[in-house]
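Let me begin by handing over the structure; questions about it come next.
Chain nomenclature is as follows: A, B, C and D, assigned in order of appearance, with residue numbering initiated at 1 for each chain independently.
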Amino acid sequence: MRDASIYAHQGFANVLGFGRKSAIIFVDFTVGFSDPEIFGGGNILSAIEASESLLKAGRELGVPICHTRIVYADDGSDLGVVAMKVPKVATLTESHPSGNFVPSLMPVTGEYVVRKTQASGFFGTGLAAWLTSRGADTLIVAGCTTSGCVRATVVDAASANFRPIVAADCCGDRALESHANSLFDLNQKYADVIDSAKIIAHLRGSGGQ
Amino acid sequence: MRDASIYAHQGFANVLGFGRKSAIIFVDFTVGFSDPEIFGGGNILSAIEASESLLKAGRELGVPICHTRIVYADDGSDLGVVAMKVPKVATLTESHPSGNFVPSLMPVTGEYVVRKTQASGFFGTGLAAWLTSRGADTLIVAGCTTSGCVRATVVDAASANFRPIVAADCCGDRALESHANSLFDLNQKYADVIDSAKIIAHLRGSGGQ
Amino acid sequence: MRDASIYAHQGFANVLGFGRKSAIIFVDFTVGFSDPEIFGGGNILSAIEASESLLKAGRELGVPICHTRIVYADDGSDLGVVAMKVPKVATLTESHPSGNFVPSLMPVTGEYVVRKTQASGFFGTGLAAWLTSRGADTLIVAGCTTSGCVRATVVDAASANFRPIVAADCCGDRALESHANSLFDLNQKYADVIDSAKIIAHLRGSGGQ
Amino acid sequence: MRDASIYAHQGFANVLGFGRKSAIIFVDFTVGFSDPEIFGGGNILSAIEASESLLKAGRELGVPICHTRIVYADDGSDLGVVAMKVPKVATLTESHPSGNFVPSLMPVTGEYVVRKTQASGFFGTGLAAWLTSRGADTLIVAGCTTSGCVRATVVDAASANFRPIVAADCCGDRALESHANSLFDLNQKYADVIDSAKIIAHLRGSGGQ
């Protein structure tokens, strides 16, 4: 049996739909992830470009917006398993240029910035509490990498009962096979995976909810 | 650039190695996941067979062992986003046969059973606290599905700084492409992915540590 | 400076008020906590009596309701630090009479039952996810003991940005000084502490929101 | 029945003892909490003085050390329930003098600094993961306020199965009754509460374990 057909046979991939109120998260769109010599590559640059429209629409409509970045301590005191696997994450410190947001997706005042050291935007952060404070039950997800921090964030969102809506064209990965496979898996089990044009159309139609 | 080569170029996939003390987790090896008509299929049956040897060795050597199963309330009061996406998970209740462990991997007295409603064995459970109480810093992972509950558990283990060692042949998935891709991703970013024979050899050589 | 005055001087104890939508939690009103020979005593019986009215009103008005109980594994495989400090918690197993709810506050179908091993109803459970799935931003809290599981649950609710409203007369403790002091602390820092009559009046006035 | 006697009758307050390896946490010893006009008062200054000796001993013996401070975003985007209850916490931003550590307990390179927005040092932070990475199973706790951030941190440590050892004289509170009552409660249910002299003696005797 081919992959998609066994999922269909077992009743996966139902549509969540948008809930009562959405927020948008931009995961790890930082300089280091836009540069193939550091952590970038693949289709990340096109994801950044698509995300610019999503961010613009979200701001116009007053949607609660947050951004994540990886920040390790200057002295490495909080490095752990991930840094054993991928030592270069240790360079992503507070003031290192690689760790700053790309200029076109720079947070503005009032947008919540999640500092994190792990893949998921929820792990060891205030993200769930922030969504609760905003009354959000739906989390629109853009970011990189699809198979890394995006996927981990989406899985945690689903576990915490925030409906994840993945903006497919706003997600990028250095590895295109992993990108495609993660979007497939996420759509089967955890999230609605749709294009940002449809998401923006929904937000415009609902007055930003 | 092909997927593996960009990871190599950016310095991923270093080896974690075993830490000071290991525990083993068997993720969701329950009846429903062994049956292709429910949630099974693919290479899950062969993962069960390989896991029998790992469990036997772990027991002989006194390694702390835990097992996860999905348990939803009989009245559906704890159903959430995942059950919207995959409605059939609602059948996995306390006493439904689908939710019980497969006979060959049935927990015995003293082994910790994690009841969970989400993909990750860590989310909303006492798993991290149990590992801490056992002094474990390394988590050997077997189970199904590779791209679902295994992957989510491994990512959370890495985030919590327990070194994940994935027993490749003891993991199974209904979807073989997703299985292979998840093992690839996990090995690049979060875990050592090795065969159970090597894991058992390590445990024997270290007296079960 | 007396305790209350320094808090006033520093600007503590502002009123949260009810949010958009409330849920009610009844913490650990089980047989063992109603019996002074086990874990009961103090004013717990009067808290149970007051809670009966709160539960009745909540049900009439369709407020989402949950109940917590402590459940340890029969084989003690999940005992930890709290059980070192208070060994008798090990008796609170699935089928032991001490661990069952008191008859007058027995959950009914559709009410969420949180199984927990720690003080807080949030720690290692699906409580936050359940509140999110219900769209609740406010958590009305009754239960025992005030200085133990109630307080821990309230602190976590505030941390997760669910507004805690403590029903003062529906909370009880084996130790009356600790009860009074915890209500004082909670009201200064984390919660509104008010009588259940006022809470019920609010719920009636808002149609159960 | 008096408070202590009912606890004794029910078998509370057993001794945890030190485990295999300790870490030390200094909770919120920042300028704002040392000043009675901001968040200080009571016996916090004497707790700071006692903590200086504990920190010195910990450093000499190579004990893993961490420090917590409250840090809210400059734009208030992460304010939540606690800030509704205590609005002045909004002043504790990255660069505001109130939020910086007191000079005598300033972290040095290699000591882990936990940035937090909630009472507990564990909530929404990497503290548990850091303890795991250090192989610690015991958490020595100093800080302020005893009834606030110290207590919440201790309760979470116990829940996560890190043995909490509270350095009684190194904890302070603006409210002396709450201080005494919290030490009493913590010792009954969650932690060993002992003087720092005994803790330092243990660490010296065990070579910093």
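Just so it is clear, a residue touches a chain if its C-beta (ideal position, glycine included) is under 8 Å from a C-beta of that chain, and two chains touch if they have at least 3 such contacts.
All values reported here derive from a predicted model rather than from experimental measurement.
The greater number of contacting C-beta pairs, out of the two interfaces B-D and A-D, is seen for A-D. Rounded to whole angstrom, the centroid-to-centroid distance between chain A and chain D, based on C-alpha atoms, equals 34 Å. Here the CA centre of chain B is 35 Å from the CA centre of chain D. Residue numbers of chain A whose C-beta contacts span two or more other chains: 80-81, 118, 124, 129-130, 133, 159, 161-162. Because contacts link each chain to all the remaining chains, their graph is best described as complete. Contact residues on chain B toward chain C in their complex (touch as defined above): 73, 75, 77-81, 109-113, 115, 117-118, 124-126, 129-130, 133. Of all the residues in chain B, the ones that touch chain D in their complex are 20, 128-133, 135, 137, 159-162. By the touch criterion given at the top, residues 1, 3, 6-7, 10-14, 16, 36, 38-39, 41-42, 80-82, 84-88, 118-120, 123-124, 147-148, 152, 155-159, 161-164, 174-178, 181-182, 184-185, 188-191 of chain D touch chain C in their complex.
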